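Paired with chain B in one complex and with chain C in the other, chain A is shared by the two complexes that follow.
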Partner chain A sequence: MDNFLQQFCQQLINGISLGSIYALIALGYTMIYGIIKLINFAHGDIYMIGAYFGFFATTQLGVGFIPAIIIAMAGAAIVGIIIERIAYRPMRNAPRIAILITAIGVSFFLEYGMILLVSPQPRTFPAVFSPTVYHMGPLVANSQQLVILISALILMVTLSYIVNSTKAGKAMRAVSFDADAARLMGINIDKVISMTFALGSALAAAGGVLVGVYYNSIDPLMGMMPGLKAFVAAVLGGIGIIPGAMMGGIILGVVEAMVSGFLSSTFRDAAAFGILILILLYKPAGLLGKNVREKV
Partner chain B sequence: MLRVEDINVYYGAIHAIKGISLDVPDGEIVALIGSNGAGKSTTLRTISGLMRPKTGRIMYDGEDITGVPAHKIVGKGLCQVPEGRHVFANMTVMENLELGAYLRNDKEGIAKDMEAVFEKFPRLLERKDQISGTLSGGEQQMLAMARALMSRPKLLLLDEPSMGLAPLLVKEIFNIIKEINASGTTVLLVEQNANMALSIADKAYVLETGRITLSGTAAELASSEEVRKAYLGG
Partner chain C sequence: MKKWKKFATAALAAMVCASVMAGCGGKKEEAKSNEIKIGASFELTGNVANYGKAILSGAKMAFDEANAKGGVLGKKIVVIESDNKSEPSESGNSITKLVTQDKVVAIVGPATSGCVAAGSPITEANKIPHIAPSGTAPGLTVDNNGKVKPFMFRACFIDPFQGQVMAHFASNTLKVKNVAILMDSSSDYSKGLAQVFQATLEKAGGKIVTKEAFLSKDLDFKASLTKIKATNPEAVYVPGYYEEVSKIIKQAREIGLNVPMMGCDGWESPKLAEIAGKDALNNCYYVSAFSAQDTDPSVQAFIKAYKEKYQKDPDIFAMQGYNAGLVVVDSIKRAGSTDGTAIAKAMAATKDLPVASGKLTYDANHNPIISALIISLDGGVPSLKEKISL
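Showing the complex of A and B:
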């Protein structure tokens, strides 16, 4: 294998594992947008909260990786439900801009609330896996990358199952398509919205724990950049479209890895936001979005 | 079965319904006719809990349901087929019907009703795995009605079921409404097609700019000079 190809495949592995984290966060963005048309700018901070839940579960309770990720997901789900209940629900009929500003407020509240609570110091996420390195010919993947990939895959398959094949999932799709019609079916949209926040927050929390495992370091502002990137991923795939968020996340991760690998990692973020500009210019509905299907 | 008592409904500052009272007796078809913007849809939306009246009362089955949220009203056997069908266009025909039965847990009963509904609407059976956004307007209307039937309504509110349909299809839909009523479901039917509505209704109300201006048996209204002039084309 020549050098270029080897480098390409290596960056593909790195990109897909980074991308699956973006995808996990992007899913929450897209689900929440799908259901209440809110860009939840606090979503990246839920991911941070999830990472801290995972951190305290491993360090204080001494549990292993799987219980830690489950605790983090459950904790973040509850936080997500509370945020919706307290901050967004009273604003349900307010102008969009007001809700958007509320979301930004919630984001600051979570970031600086956590700084107050756990200090701004980065924490070292305990190594829950022995760092094994696997060699596949000239390519290397480490155990963390595999864990990220497998966990993200399991979560996405589970989410697809919930959304496509369960009654609750059907209710979610119904509310997101036409809330009034859904109410006429007897669907309690408040409950469905809570459930959507719970699911979206749980996925972001899983992403937070996985990043903790991958980079070993977490801090209260860690959600800002990945939050924005995941937003780009959701827009890239078509906001409101679940498979779009998965696809957008992976593509974004791979592009970033390629840019860091072949150009320079200083261009990484520029590439991500360049993608956002391109998509907004040429395909504003996203890769999987149909062009302009505004409801009447 | 349903009694609407002097309701007033607003959209912000717009006073859309100005003191309407209606009586829908058990087992009948009651028609509510009126031209565009008269407030027919608003009346139905208020009855089914999508909107709240500012004043007045809605009694259903001996119970005051004023201000009860829409999703709870469906469970009481009052179901609305909204204007413009509002099928879940991104889902299959089957999924739409399953959503119609959302509040029910009796698997066998649901399966049986599904069969009954397909018998009533054979076109839906042929298309049961089709995405419903690709159905024709008439088929979507049938789906919207079938979906409502899946909740086993005692009272069915229909908002302009004939809208945008070819005459032959309108006839078919109206026949089905008669059938549904004959099998024991009370119907409150909103229509601009006054002719058709009066031909199947027992009783009717005429609504004009938020007020009831006429009411009586369908036969009385059909022969009334005023109604003939305004709604029946002469």
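Showing the complex of A and C:
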């Protein structure tokens, strides 16, 4: 294999594993946006909270990887429901900018609240399973990268199933389509929205635990940048569209890896946010989005 | 109202005059008293309180030792502590208080460069010698025009020095020529080190094969590391802090980049081994100023004395505080007076002063010429590899 191709393939592996993390966070962003048209800026911090739940589950309770993820998902789901109940529900009929600013406030509250609670020092995530390194010719990948990718795929498929094939999912789609009409049909909107937050937060928490395991360290501000990147990923794929978030995440990860690998690592973030600007300029509905006229 | 203002101005002027005269008078008084007051302005609370407390403990040990030997100029040294809460603005207040109210003859502290920089104009204006035990920013002891500040000193080596030391180590001990740099482009510390390292290495005949950058808080470095690996470097220089460096080393080893990794004192933390994992930390080297394994008798004597006094192991900060204290004591002795200008002059002339880490001499910019240590990591365990004096 010639050198360029080898580089390209290795960067593709790097990019896909990074992209699956963005995808996991982006899934939650996109769901919440789909239902209540809110860019939940606190979503990256839910991911951080999830990582801490996972951390305490493994260190204090001594559980393994799978139970830790489940505990983290459950814990973050509850946090998500509480946040929605306390911060967003009273604002439901307020102008959209007000609720957006509330989301930023919640984000700061979670970040600095956690600094107060657990100190700003990074924590070392215990090694819950030892990574196996796979060599495929000159290419290198490890089992953690695979676990992240597979978890992201499983969660996405599960999510698609819930949204498309269950009664609760039907209710969610109905609320997303027209909240007032859904209410008239006897759907309990509050309950549906709570469930959306629970699901979205649980996904972010799974991402948090996976990142903790993969990179070995977590800290209270770890959600800031991934939160923004996941937002870009969600917009890239078409915000509100579940497969779009997955696709957007992977594309973003690969673009970042390619830019770092073949141009310069200093341009990496510029490329990520450059994509956001290009998408907003030329295809504001996202790659998978259809141009529908907004209901007024 | 206007009249009142005028009166207030006059009163203020009178007070200033009085205080200036009091200052003059104070000196005479001080000559009579049996004490020499040294101000210690440190981060005793706030986010870097650990540094401040450790330095203060070392500095106090130096002063206590001097007192036990009969004091300085026949007088007892009294340390006046002041907390700057780890904030530059508070640091200015704290140093102003020590200089104007407590009338100290010299200031030791604070720990961080930012807090030192906030206090430096005050000590310069009042002609009070000021020594920063651990402020490494190169600009601390010189003014904006590059002229040395007559009253500002430090007790640690500066950032560029570390870059030089590592470049020497790379070309003389590791004998590598083609080196890659991975630096933190959001930190002046890291960029400065990379620049000096590159210049020194190239002068020694080496070559920088690629220069990559990351941002602090980044998690994933695999793309940059893959690119670095493709350039086949013999070693990688990673000036940065342990938070990112630990992940860089871990990921470098994961993608099979097994060449030596070289770094700086920002690596020094138990977290480095925790995050990177013991298996990844092989063939890694960083610069430090202190190692308990240093067999130099002066270092061992310091460690023993510190343990006896405080019942715990000293760290690098305690040592720097101790060195700063020794410099102050020695300068007052040689100046033969407690006059700030005389002490500063004596301090600038410090030559081969025996301190805990060897001998200390000041260069023209009031930066100490002391030896640096190369610490190697094998299986995550640090050990002293080499002592380098330039």
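In this text, the second predicted complex is superposed on the first by the 294 of 296 C-alpha atoms of A that agree within 3 Å, B and C clash if a C-alpha of one lies under 4 Å from a C-alpha of the other, contacts with A are read in each partner's own complex, and residues count from 1 in each chain.
The rule is short, and it goes like this: a contact is a pair of C-beta atoms (placed from the backbone, for glycine too) under 8 Å apart; a residue touches a chain by one contact, two chains touch by 3 or more.
Every value quoted in this text rests on a predicted model; they were computed, and no experiment measured them.
In the superposition on chain A, A:I189 contacts chain B only, with no contact to chain C. Once the two complexes are laid over each other on the shared chain, residue contacts for A:Y215 go to chain C alone; chain B is not touched.
Looking at the shared chain after the overlay, A:R173 reaches chain B, while chain C stays out of its contact range.
Of the two partner chains, chain C is the only one touched by A:V133; chain B is not. Once the two complexes are laid over each other on the shared chain, residue contacts for A:I86 go to neither chain B nor chain C.
Contacts of A:L153 after superposition: neither chain B nor chain C is touched. Once both structures are placed on chain A, no chain A residue is touched by chain B and, in the other complex, by chain C.
Those residues of chain C that touch chain A in the complex are listed here as 47, 185, 212-215, 217-220, 222-224, 226-227, 230, 243, 246-247, 250, 254-256, 271, 274-277. Of all the residues in chain A, the ones that touch chain B in their complex are 167, 170-171, 173-174, 177-178, 180-189.
Of all residues in chain A, only 3, 7, 10-11, 14-15, 17-18, 120, 122, 124, 127, 131, 133, 135, 140, 142, 211, 215-217, 221-222, 224-226, 256-262, 264-266, 268-269 touch chain C in the complex they form.
Residues of chain B that touch chain A in their complex: 48-50, 69-72, 74-75, 79-80, 82, 86-91, 95, 98-100, 102-103, 147, 151.
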